[in-house]
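Would you mind keeping the following structure in view while I ask a few things?
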């Protein structure tokens, strides 16, 4: 295997190697950015509320469809991004408020019920939008192919990177400039005592869940012009988000950023160098990291 | 001796398809095709009523097996038709012999009509069948395209389609210089697109299911539109995806056993009209046509044996020597004696109507194409089945 | 009389948590049957020392000997086989199990029977007998089948101690055994501990001076990770520094 | 556990009724319904092995597809590619499943709680990645088809009885196991690892043993599945199988064994039967899951247990609580 | 404040855990600026009383009135926001929060009735210098006594007008127990009202204005601390000393 690898690398360094590396690096980065938007919400919900929200990938997909509908009505892509995020936030809040809340502390029950919602939302997609694949157009202003020297890249991917960076910055401020973060963790540690310290626990959980879902919806809409709208995409993309959350450490912003980029890059270069081991190359590093640091790169030890 | 059809009750036909999961779209198209079929041919054949038993394999191969088993043992169907993946075809075929029940594999696993034949299995076409013709057309019409990259899904369907192309293409002096197979559920094609060799002139692409949607967009975004001459499998631009694909696939050339919804033959237009009634005015593609066509063939075989489907051997034999020249949206079909059909292959490109709607324009029709192309069957069967490494990639460095 | 046998020896043991030296070069020799009190201000390192002795933490430096055997690197479950038992300062029980089930688990811990995959605990008579005896010892016969989580804090504290007693240990580490007990229950606990086999070596962390003086012979006072004073109880009580930093009669 | 509520004759009656039902089932069920029950029984073995870990020991694994799948793949490979006999395939399947478990457990046991859940998931994805991409061995996307049952269990009904016998044996084995000393120890580990450790239990070793047992029986389920279905393909080892297993445990009720069996029957029946009735089967199944969780958060057996406990012990509970108060006080000058 | 000058009034409450009937009709009042001690043996319902007031376990009958307002139907976080703080039994520090986060979590400025200087991080840390050294440790990495200090300091940070203390001296070294007593006196001067549950009889008698004894869910004795100290029969019967 090492020999094959060396041969491939050598081969790549001949000719257009520089270009190849740049392109793959950029691809990895941009895909990482998209995965970040998906995974960050999962990480929040997971790390902070200890809910394994299997519905997250489906939020992402439903968000895409809602974004498409908004785009069709209003013709405004940016409105679609926001709207998709908000509607999914509402869906998430509804599910948290009326279902998950009753099951606090019952991990398996929560997993089960979020799985129920996967099926329900999937059927909703079939009912409302049908099984036809759909494609979403991006605004002309961000849909060109940019050239820098001989290096070309789609500007839309650049746009996704910018949005992801903005979201990361926003979350950082939110976490560090408000006491919200510690209120949430307190509530997870000890619901009763947190409310005994004046934390409005139901509200806190609702906000976290809403925020996490919002990110999924937003990421979903952003993925529209890139991945297309395809019934079934939700469960295909969910493992990527899981990997990010696991490797980065649950609930950690820093971890999610780093792990997303890592996943993006490993996925890219893995598929480049070892196309036959595409998934192995994604999950093996993860297993190794976990063997050494079970809590992930930036997870809290408890 | 008591051939009274009514006494034996209805003929039960099991239909395996994917109504949920990633391939759900194909299921809806196929079920609409079944409705269109009923409109034209009714639910009585050879004096017996026909009942259809649709089953959803949820786009999962193992579940398809379970469902076929259920159709045979639970619903006691006389024949099973379906299987979306080539893999499903391979997986369900053994059940035909196990339960002594005819299975009409609607999809295209090559080997089921070549080296791995089953007594109770026939199939509609071979994956490589149209792509032999594609290669021939490309060599003849665009001889400047000499070096070609192959890109396809990483399973039987991908290997067999591109294997057929490679075989004929190289036999006619072309060179395949790179072969890349991506898992069917690949989400981001960036890593693959980044690897395409710059020194090639053309690409042969096969896309299955959801790939047809994501790949063209990402290919276009990478700025490769005008870099390569792109030819490929008819599934790339099948009508189910065509509307969503938009301009990204304009000009793509593909080969398939169906000429497309716009193909002006009378049989086809009637099929398209009927189909549209059942699916919100949408165009049928090959997934619908194949399902429909297979049912036509099954009816013909039932008629040929006067409805005596309980006699399985006779029924199998009838299926194995069908010859239909009329009523088929994809043109005449003739059994080749190996459990497969000789068929028309259409070379189409994607064009745009004034209204902006995309459609297939047929550039050329190869008639009565055998799964063995112009090779002698005995010779052909001596080589291995088309696979990831066969034909070997002589010109890849 | 033969020279007293050393039951537990701690030889310049240290434990660092990051930058903090929670235990600094602590040495102790506890004789067989001795009742040793460990005192010291909050955060002095008493519980940490217990964690080191019991094996819940590994020392950064130093050696620990039990009956002369080096146990520094021995996992804690093996120390239990050598006769060591402990209680936790912060109650650590099996909350969803009943009182008797808690005791049964303790009773079979050192028995080969625990690996028996085909016989229920209840069928091992000697184990059941041990558990029932412990139940009697703490006089909780009528709480037998109540799940732990339904009991008040003080009662849970008593069971915490009972669990360590079931194993009939040779060396017993008690981390604030009377904390949270009412004066009445506290007195009972003292009575119970006093009645234990005099051959058992006991180390007790206590903040209740009355209890400490009643139960122990010698006192060790820790301060900021080190041993500040060590000696017969009256001597230590009158130690000037101990009074200043711990007792607060200045 | 439900058996613990039904004492003496009640327990025997339920067991006999279940046995009679399973024994005569093939007489009145169609061939199809028999195969559905075969699926249920095989999955019940998987669910029980998972319950041993999740319900009893408190180790929630989201990766049992790996052990199920490695047993299945190993058996399929040796029996199709190397034409091994059924006993050989069974042996190889079990050995491979245990071997994979033995290695994965070393890694997974470094973590607890949600982290454990995630590590088991990650490790299982490795096996899936291999099944999916290691074409030469596993047939990749196509999987391996054509596994043949030996003649003595070739028929649908004989195979049913064969699987029934195995499932019953596994049930009895697990039933005895969880009531044994060892089983109690597992519950203790679930409740407090650190306390178990100081009491003198080698917690790691117990967890490792449980993991191995669980892996072994998951592998057994995998081998049976291959011989039932004659096919293995990647979807059999993906997240959804691990998930299904967890579903079964939680629908029925974790830590009850009977719950795992019941859960397996319910989940598999739903999967097989609802879509015969309606095209909106996704919604129906979803609603069933959601309702079960809301009405019976501890699973169906958990719910039954609560109901029975409430009815039978209403008065007793009051009495006990009263006594608890009194004795906790140990009032006066006793 | 109600007409009798009571900051907190507990009015015949009955509290259950599931089926078990724990508080069987308890009434007591805490006047403004006093320390009211509640004594009793283990399992008598002291903690349950505190839980009922803070809203963790709602009484099935009876009322709880804080500053003239019926707080029985309110949820815990609302009750707390009115100016009540809790130092729970067993400390219940948030293990994954650092000491600083534990302290600032419920930080509040003093309400309308706040007197004197408000508690803030600096003042609280001056009170417990030990915590200052451990500010960035997470809660689970503190010694038992440090956790107890943190629990107390955490409650002060909310600048309450009523403080509920459930065995606040448990696990504290003697020196600190005294220090805590001094703090209670200071708080009293600031007109803070305190409901103190204690096992440490000496401490309770020394620092309280009034004592109640709970036995099997009922108040069985109620007097000044001095009177109780002399009443050996009651002490022997209900406290076992």
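Letters A, B, C, D and E name the chains as they come in the text, with residue numbers starting at 1 for each one.
The rule is short, and it goes like this: a residue touches a chain if its C-beta (ideal position, glycine included) is under 8 Å from a C-beta of that chain, and two chains touch if they have at least 3 such contacts.
All values reported here derive from a predicted model rather than from experimental measurement.
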item	value
Partner chains that chain A and chain C have in common	D, E
From chain A, the most remote chain by mean C-alpha position	C
Centre distance in Å when chain D and chain E are each reduced to the mean of their C-alpha atoms	48
Intercentroid distance (Cα basis), chain E paired with chain A, Å	45
Between chain D and chain C, distance of the C-alpha-averaged centres to the nearest whole Å	40
Shared interface positions of chain D, touching two or more other chains	132-133, 135, 282, 324, 326, 328, 330
Per-residue overlap in chain C, given as positions that touch at least 2 other chains	150-152, 154-155, 184
Touching two or more other chains - residue numbers and ranges from chain B	20, 183
Complex interface listing, chain C residues touching chain E	17, 39-44, 46-48, 89-91, 150-155, 157-158, 176, 179-187, 207, 209, 245-248
Parts of chain A lying in touch with chain B, wherever the complex brings them together	11, 15-16, 20, 23-24, 27-28, 30-31, 34, 122, 126, 130-135, 137, 143, 145, 152, 154, 156-157, 225-233, 236-237, 240, 267-272, 275, 278-279
Touching residues (chain side chain A, partner chain D) in the complex	46, 50, 52, 54, 99, 102-103, 106-109, 111-113, 115-120, 122-123, 126, 235, 238-239, 242-243, 245-246, 250, 276-280, 282-284, 286-287, 290-291, 294-296, 299
Touch list for chain D against partner chain C, complex	176-177, 179-185, 187-188, 191-192, 194-203, 320, 323-324, 326-328, 330
Contacting residues of chain B [partner chain A, same complex]	20-25, 27-28, 59, 180-183, 185, 187-188, 190-192, 194-195, 198, 210, 212-214, 217-218, 221-223, 240-241, 243-246, 282, 397
